[in-house]
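Each of the next two complexes has chain A plus one other chain: chain B in the first, chain C in the second.
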Partner chain A sequence: MSKEYDITLKISRYDPDTDQSWIQDYELRVGGILRFVDLFRKINDEQDATLAWSSSCEHAQCGTCGMRINGKPLLSCELLVEMAVEMFRTNVFKVEPLTIAPVIRDLVVDLERAYARVHAAKPYLISPASPNPQGDEFRIQPRVLDRYVEATRCINCFCCATACVTQKNYLGPNAMLVNIVRLMDPRETAKKERLDILYGEQGSPRCRTAQACSFVCPKEIDIAHFIALAKEGAIG
Partner chain B sequence: MTNTLKIDSVLRPEVLVIGAGGAGLRCAAAICENRPGTSVVAVTKVHSPQKSHTSTAQGGMAAVDPNDPMDKIVYHMFDTWKGSDCSADQNIIKKVCESAWEQIVWLERHGMHFSRTEQGRIAKRPFGGHMLNFGQVKAFRACYEADRTGKGIMDTVWGETLKYGITFLNQSIAVELLFDNDRCIGAVVFLEQSGKFVVILAKATIMATGGKTRMYQVSTNCKQNTGDGLALVLQAGLPVMDVEAVQFHPTGIVGPGILASEALRGEGAVLRNAEGEPFMERYAPTARDLAPRDLISRCIMKEIREGRGCIHRDHKLPHVWLDLRHIPEHVHKTRIQEVCGFFRKFVGVDPQHELCPVTPTAHYQMGGVPTNEFGEVQRNAQQIVQGLYACGEFAAASLHGHNRLGTNSLLELITMGKVVGDKIAEYIKDADLPPESPPEGTGCEIFSRFSRYFEARGKESYAIIRDELRQTMMEKVGVFRTGTGLSETIDKLTELKSRAGQMQLHSRSLVMNQELVQFWELDHLLEVSMVIAQCALARKESRGGHYREDYPERDPEFHHHTLAFMREYGNVNLDKRPIDMSIYEAKGEHYEKFGIIERKY
Partner chain C sequence: MNTPAQRTSIEAFLAGVLTRSEKLSYYASSRGWGFIMTWAHRVAGLIIVLYMFFHIVTLSGLYAPAKFASNMDFIHNFFFGFLEWVLAIPVIFHALNGARLILYEFFRVRDDAAMIRWVLVLSVLYVFSLGVFMLMGNQHVSVGFFWFTIFIVSLISAVVVYRKLWPTRNNGFWKLQRISGAFLLPMVSGHILFMHLNYQAGHDINTILVRVSSIGIKAIDSAFVILVFFHAGFGLNTIIGDFVENTRLKTVLTVVTTVVMTIFAYAGTKLIISVNP
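On to the complex of A and B.
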C-alpha cells in the first residue's frame, strides 16, 4: 500500500431546509492514491451520510465534480491525496463549491444558469455549410482541424469560469471556447452571428487577459490563447 | 410519511425521454427533425445532458464507408454475428450495419469533430473483431474523434436538441412508469434539486437509461448507472432480456477500473503478462490483441490464475500489462491523448515509456429491455407495449447477442436512436392524447417505497451492503461463473435485500438527499443483480460474455434469448424469444456465413 496520510477536510456545508451554512471538519486516515471523490464517499460511509457532493464518471471526462480545494477550482475525481499534499504542502484542505452557481446543498450546485451562458454561445452549428456534391462528409484538412481541436476538448466543468477575474456580464471562458470553435470550424456559415457573440456585450471585451482560465483548466486547454487569437481577429 | 408525499404538478409534452444520453437525444433529434415543434421533455439523472455516460466512450463507431474499396457491409454484418456468438438478431444487424455510414455523415454534418485523414476525410482505425473477408485480416472501420468519440456524439446530439428547444429536467429520476390499461402514458419523475414529484403524461415515452454495471466492484460505468431503468420495467411487470450477458472490458485501469479504450490496441498496443510475453498470440493467432472482448478478458483472467499476472504495488490487485511504448509519440499526443492522461493521473504511469497495468472491468450490458426492430418495447415475444419505446444500451433489439464488438455500441445509439425517433414521429401523429388527469393510484408505488426508506429503523449499513453486493457479483457473476457460485449469489442477494430493509436514513429532507436516492439505487442494483444471477444460472452453456466453467461450450439447446420477469423479489420467471436469423433464411449471397458458425479468432 502506498503511504498513509492523516488529513483534515474543512468542508463548506449548506442546509437548504434551515438555510444554514457552516464549515465542518472531517479527520481521515487514508492511502495516498485515493482520489478526493473517494474521500467524500468514505465520509458518507463511515462518518456522515448527509454530506452531499456531486460526481459522475470519476475520471475527468464529464466535469461534474468541479469544486474549490484550498481555493483552486479543480476536478475532485482526479486529485489524489498524495498529489494534493504535494501541491498544497499541507494535510489540511478547505473544500468549497464552485462559485459560478447557487449551492443546493453542501458541495452540490445548480448549474442551470451557468449552462445558460454556454447555451447563449450556441454549442452547435448554427448554419452548416451545404453538403459536398458527392453527398458524403465535408473535407477538413488535419492542419485546419489542428488549429482548434484542443478547444473542442472542453467538458464545461466551469473551473475556468470560477477562476476568471471577470465574474459579471461575461459569458465566461468555456462559453467563449464554444463560440471560438465554431468560428474556426469551416462548416459553420453563420460567421456574422458568431462574431456578434464574440465581440458582443458579454463577449471578449469582458476578458481582462488574466489567463487564470488556462492556469486552472483540468484538460490543460490554453483557453486564454484562443481568446487572445479571437480578440486579434486571428481566427476564422 | 406516505401522506406527506404528493404530486406537485403535471406536465403534458407529446414525448417523454427518460435518459438524455447519446441514444435518447439522437432519438429526440430525429423526432424534432421529422416534426419540428414537437414538445419533448427529457429527464436526466446527471447535472446536464453533456455529463451523460455516453461522453466517456473513447474509441469509435464502426461504419463501412461506401468509398472504401476493401470493406463491405456484409463483412461488418458477419463480424457482428460472429462476435455475438450467434445470438444477435439478424434483422437488427442488417438494419444497423446498412445505415451506419449515413448516420456517421449525419453526425459530421451536424458538427462532430471527427479525426481526419491527410485528404481531409473521416479517419478510421481497426478495432477488435472487425475484419475483412469474413475474418481474415483487420479492417479499418471505426470512425473516431481522437479518444473522445462519445463526447463528440454527446455534444452533437445535445447541441441539436438545444437547437430544437426541447426541455431538460436535470438531476431528476423517473421513479414510476404510468399506464392506461396496457398503454404507457408517461412516468412520475422526482426532481432531486427541489424534492418534488412531477407527473409527465405523454403520447410516447422513450427509455434510454443506458447501462447498469455499478453492481460490480470494478466497473467503467459512471456512478449513476445503477440499473434504474431495468428495475422500473421489472416493477411494471415487463420483461428484461439476456441480462446474463455482461461485458467485461479487458483493459480497465487497475484500481478504479477506468476504461482504457480498445483504440489503444487498435493503434498497436500489445497485452503482455508478467514475463513480458505477448500472450494473445497463443490464444487467438489471427486476431491476437484485436480479438473480441469476452475472449481477451477470459485470457487475461487465465494468465492471472495461472500465475503469470502481476500485483499492483499500490492497489494490491492482480493485473497484466498493456504495452504502448512502441507507438509513435504523435499518436500518443493526438489520437490517444485522454486515456494516456488517465494512466498518468490515476496510476502514475507514463505510457510512452512505461508498461500500463490493466485488468478486466465490468463495462456493458448486451441485454436490456426487449424491443422489436422499431424500438417498441415488448411485453413478450409476440406483443408490444403501446406508447413505450427503448433504445441504446438500455434496449436489446438485439444487435449484440451475448457479446458486443467494440464500436458497435456507439453505432447502435445513433442508428437505432434515429430508427426509433422516426417511428415515434409517425406514432404521435395519430396517437390519442393521454387521459386528462393522472390515473388513479399514480405515485402510490413510489410514495410507499420512499416511505419505507424514511420509516425504516435498524443498524444495517448502506455502504457494507453495497460493498458486499459488488464483491459477490464480481467474484461469482463475473468473467467466469459456475452453478454453485450462482446459487450462492442468489442466496446472498436474498439476504442482502432483507438487510437493506433495515437501513436507516440520516436526514428526513427530500431536497438533494443523496442518501435517499442511494437507497433507491441500491434496491435497483439488488433487483437487477437477482435477475442477472438467475438468468446466468438457467443458461447452462457458455456464450459470449456469459461463461460457465461447468458448461464451457455453446449448446444448441440455448439458441434463444432469455426473457425474465420479476414481480416479487427473487421470484424470477423465465421465457424465451427466438433469435432472428433472417439473413441466413433468405438464402442470399454468403448466407452460409450467418448460420450457427464456429467462433475462432
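On to the complex of A and C.
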C-alpha cells in the first residue's frame, strides 16, 4: 500500500457558454502512485462531473493530456502524485491548460489550432527518395539514424511550445523538430524547401536558446540541441 | 520526467541565493535557468540601450568643454560613482551571457549548467574587480597599448565567429548580430575597465580630448559606437518581433527603432571624429 496524500488541486476552469473563467479547488485524499489523469477521473466520479480534461492513450505516447502543473508544462498521464509532491515540494497544485491554443473548456485546448504550426513545417516526406531497386525498403545506415533518432521520439504534446520564451511569430520547438527530423532523414529530397522553412522568418531566427523546450520535454529530447545544430549549419 | 537540464547541478549551485525569490523559483522549476537567463539578457540589453542614449547625450557635452567639465564635477561623488559601478552589472552580464549563447549555438558547448555558472561567476569577479579599481582610482596604463590589445582581441573574437557563422544559411543581419556581439564582448568590458582605472581617464575633459585626438582611437571608438547601435537596434527589433503579431505595427516599430539607432550611431561617430583638443 503506497503512502496516502492529502492534496489540493486548484484547477483553472472555463465555461465557453458564459465565457467565464475561475479557479476551482478540489480536495483529495489519494495514493502516491495515482497519476494526475486518475485524479481528474476521480473528481469526475466523486465531486464534479462537469470538469473537462482530455487524454487518449494515457501512456505518454499521444500528447493529448498535456497541461501546466504549478506552471510546468507536462503530461498528466505520467505524473504520479508522489513525484509531483517531490518535484514541487508542496501538496497544492495549480492545474492550468497549455497556452499554445485557445481553451475550449477547462483544461481542454483546441489542438487543431495548435497543429497548424506543425502542418506549416510539413510533418511528412515532401519528396521521398526512390527505394532501393533491389527491395521495397529504403535502408538508413545506423550511424546516420543515430544523429536524429532522438528527435523522432517527439509526440507533439506542445509542452515545449508552451514553455518556449518566444510565443509569437515562431513555429515553436516541436514544429522546428518536425522539419529538422525530415531534413536529417536521407529519404527526404526536398532539402531546399525544408531549409527555407528552417531559416525562414518563423524558423530558427526566432529561437532564443533559452532551452526551456529541452527542460520540459516529457520525452527527454534535447530539442535546443537540434535547433542549435540548425543554426550552426550542421543540418541539411 | 528527468530531463538533461534537471540532472545538472545548477539548481543546487544557485538555489540558495536566487530561489529565495518566489518568481525566480517558479520559473527555475517550471522552465529552467536558461529561461531566466534569456529574460535577464533581454532586460540587461534594454537597460544598456537606455544608458547608451544617455551616454551619447552626455558625451555631446565634449563640444563645449567648459560645460562638460562642470557636468563631470557635478557627478563626481559617491552616489554617481556607485551608479556607474552598478551599470557595469547588466553590461558584463549581457556580454558574457551573449558569449554563452554563441558558444552553445555555434561551438557545441552543451554543458549549459557549467556555462551559466561561469557567466555568473565571471560577472561577479569583473564587477568586484571594477569596484576595487574605482576605489583605488590610481591605476595607469598605456592608452595605445591597452586599446590596441583590446581591439585585436575583439577583432579575433569577431573573426572566429564570422568564419564559423558566415557560410551558414542564417539571415545576414542575424549573423551580424552574433558577429558584432563577439566583437563587443572584449571591447565593452575593456572600455568600462579602462574608464575607471583612474578618475581622469573617463571624466577629465583634457585627458579625454587628448585620447580621442588620436586617429587610431577615433577609428576604434567609431567602430565601437556603430556596432553597439547596430547590435542594440537588431536586439530591440528581435524583441519587437517576439511580441508584436500585427504586421503593420511591427513594421512601424522596426522602422522607428532603426531610425533612432541610426541617429544615435551617427551622432556618436560624428562626435568622436570631430572632437579635438
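FYI, the second predicted complex is superposed on the first by the 235 of 236 C-alpha atoms of A that agree within 3 Å, B and C clash if a C-alpha of one lies under 4 Å from a C-alpha of the other, contacts with A are read in each partner's own complex, and residues count from 1 in each chain.
In this text, a contact is a pair of C-beta atoms (placed from the backbone, for glycine too) under 8 Å apart; a residue touches a chain by one contact, two chains touch by 3 or more.
Just so you know, these numbers come straight off a predicted model, no measurement behind them.
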Clash or fit (per the criteria above) of chain B with chain C on chain A: fit
First, second, both or neither for A:104, with chain B first and chain C second: first
Greater residue coverage of chain A in the superposed arrangement, chain B or chain C: B
Partner chain(s) touched by A:208 [first = chain B, second = chain C, both, neither]: second
First (chain B), second (chain C), both or neither touched by A:96: neither
Touched partner set for A:78, first chain B, second chain C, both or neither: both
Which superposed partner A:163 touches (first chain B, second chain C, both, neither): second
Distance of closest approach, chain C and chain B, by C-alpha atoms in Å: 8
Intersection of chain A interface sets (partners chain B, chain C): 78
List of chain A residues in touch with chain B within their complex: 1-2, 15-17, 31-33, 35, 44-46, 48-50, 52-64, 78, 80, 104-105, 108, 110-112, 115, 119, 123-125, 128, 131, 135-142, 144-145, 149, 152-153, 155-156, 182, 185, 187-188
Partner chain A, residues of chain C touching it in the complex: 1-6, 26-27, 29-32, 34-35, 37-39, 101, 104-106, 108, 110, 112, 164, 167-171, 174, 241-245
Residues on chain A engaged by chain C in the complex (per definition of touch): 68, 70-74, 78-79, 83, 87-88, 163, 165-170, 195, 198-199, 204-206, 208-212, 214-218, 220, 222, 224-225, 228, 231-233
List of chain B residues in touch with chain A within their complex: 46-48, 50-53, 55-56, 65-67, 104-105, 108-111, 113-122, 146, 148, 151-152, 155-156, 158-160, 162-163, 170, 193, 222-224, 255-256, 258-259, 313-316, 338, 341-342, 345-346, 461-463, 505-507, 509, 511-515
